[in-house]
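Got a structure for you, questions after.
Chain nomenclature is as follows: A, B and C, assigned in order of appearance, with residue numbering initiated at 1 for each chain independently.
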């Protein structure tokens, strides 16, 4: 089994924990059955294979040594199969693939992390990494927008983030009767974030409409576009740069992404159906 | 050029209206033409005389999503008035459109040079184009025509912290 | 691979001996032959299967064989297939997975031996196409190991182009008609009063060794200079040209051009161009299980960016319109390929023009985009990508 190339053929991993995050989203924690993938960095993704159904790219929502966490929303055949797995089940994993958030490029700066919906999942290990090395960074702000209060991910983590010094703000599009927090889109939270634009780095993940609006707002407020990093999504079949599905103009997102600097993304995202 | 009727021009005091119209160009666009794109430089704006224009955005996999449509008398474009002078949405004609077109640089200079004119135009943009549309968008967020029971979340609202 | 100095002149008997020598060496020899009204690539056993005396008549959406009086074997240009059929096959199993009684998963990479091919009669444009696919499939951070295995074991016999078709434009793409390395043996066909012969050069040690086994005579200046003249003459007889501008920049600056609507109104989005193209590499993953449900296989098969499913996201396709799908194909081929893989994705073979059922011509589209860009003075052009 150690002879396998983890980039072409999947390596067996066992589901060691699974819990519901929202009505249609679960977190699954995987451990290698024997050999493990090479080390994974926050922002990267793995191709996770449900036996006989297929594999899909899933960002890493937690990295703990060889233990990998994925947050999967049941929207297609493979994701439904993965969502339905119970502890003890075996999956195949290929990777890790793609670019990471590259937190070390932001050393000494204020960090502003902005998540829309499921976009919080790939940002979770970034928050963990930033909090794990507090003297290296300035203020850490996490801005989270979700559709409804019930769609909020990482609810167990948020208190811990706050306790460790992160400034976390949450807003929802559609409140319920119990919601007493902010209502509105995530860009409206930018005014709450304390950061020095000339010495800050921003990390964004969510729907492209939200990424475009937020990144432009950051740029308008004086953040250098190359210090705004965004995570983008396109169809992926191989993860290795060979299948062509994940093209976004000049980018192969499995190789040049999913995390790209706004300087790269800005001219591409306005082009419809690129 | 005559200046009358409702909409943006009707809300502008007559003297300022005439001044604005002296620098207007009459333009027409065929149906289905894209007038500007999200993220592009907001270097012009229009007051529609006839026809309709759809404001849209797009999301990969969902395609273009129309946010609202504008018609006769409406101001098309306000991003030219505020930095960073970039369009927030795209615009496409739904049918043949006739409009007054204005050069944003020219109007911005006039606003700077003539505070009275500047205040009138800025007020009109704020009240008519932005305020009226914001109220309408908020009402639309409430999803008033949703089948009974499905829109409770939106209606119940939440207190500010 | 060039310049080890071994040159010779061989005749038709030498070509026949070449095929037999390569087959005797355990190689599967693939070459052109006439079948079903076209010059196709297939396994050949002897020189008599080569298309002696056949030429082709090409136009947009048009392909006809025609007889040639000179009896030449390689006076035809690209046919419906390319060599990628062999190096990057249409469908291939990548790995299998078996689920044991205890739920354990055992994954086995495909290990069926790959054939050792000898390709005879590769045009310089096709040789370039292989170099392009090498960078895509074996030149990045990840390697398609089975592609690389086939590629490393392949013996390449190029034949320089002396008879370009009406749809050819390799000169515009810098891919022909002369060979520029990358071969084991290169031949140039000469038919004149001096006889029917081939000027042969070895491009590798193995090529030199094979050449040494063939009935041959020393290369004479007359044959060599005639061969060079024929190839140089071919460069002047290309049926098509690309606009002489930076095509990468042209594609980047015309993403919103009106011309895409025009071509979309003609394009059937059938994907023929992508199948015929010698560099198009896109594939989809396909997962199958047997009836027991405990044995699963991963296959990858050719896929076309013209397929609506190609860009599918949970909510729907990113490229929903024919306009954006043709634009993706053309801008990738001529423009963003440079960004992704450091070269053009087009070699000027003209197959996409010939095999388009409605005769869409990528050179004509590029000229139209160039004219539209000039006419609009760059107005409405999206900002250039800052980092490249």
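Keep this in mind: a contact is a pair of C-beta atoms (placed from the backbone, for glycine too) under 8 Å apart; a residue touches a chain by one contact, two chains touch by 3 or more.
Here the structure is a predicted model, which means the values were calculated and not measured.
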{"item": "Touch-based graph of the chains, sorted into line, ring, star, complete or other", "value": "complete"}
{"item": "Chain at maximum distance from subunit A, centres defined as averaged CA atoms", "value": "C"}
{"item": "Where subunit A and subunit C are represented by their mean Cα positions, the distance between them in whole Å", "value": "39"}
{"item": "Separation of mean Cα positions, subunit B and subunit A [Å, integer]", "value": "35"}
{"item": "For subunit B paired with subunit C, centre-to-centre distance based on mean C-alpha positions, whole Å", "value": "51"}
{"item": "Contacts with two or more other chains, residues of subunit C listed in rising order", "value": "256, 311-314, 318, 320, 382"}
{"item": "Subunit A, residues touching no fewer than two other chains", "value": "233-234, 266, 270, 272-273"}
{"item": "Subunit B: positions in contact with at least two other chains", "value": "37, 40, 59-60, 63"}
{"item": "Contacting residues of subunit A [partner subunit C, same complex]", "value": "1, 3-5, 7-12, 33, 49, 51-55, 75-76, 88-92, 225, 233-235, 237-245, 247, 249-252, 255, 261, 263-264, 266-268, 270-274"}
{"item": "In the complex with subunit B, residue positions of subunit A that touch it", "value": "148, 172, 174-177, 179-183, 207-209, 212-213, 216, 219-220, 233-234, 266, 269-270, 272-273"}
{"item": "Parts of subunit C lying in touch with subunit B, wherever the complex brings them together", "value": "256, 311-318, 320, 382"}
{"item": "Of all residues in subunit B, those that touch subunit C in their complex", "value": "34, 37, 40, 59-63"}
{"item": "Subunit A partner contacts - residues on subunit C that touch it in the complex", "value": "94-95, 97, 99, 103-109, 136-137, 140-142, 144-145, 255-256, 281-285, 287-289, 293, 296, 298, 300, 303, 305, 310-314, 318-321, 323-324, 328, 331-332, 335-336, 339-340, 382-388"}
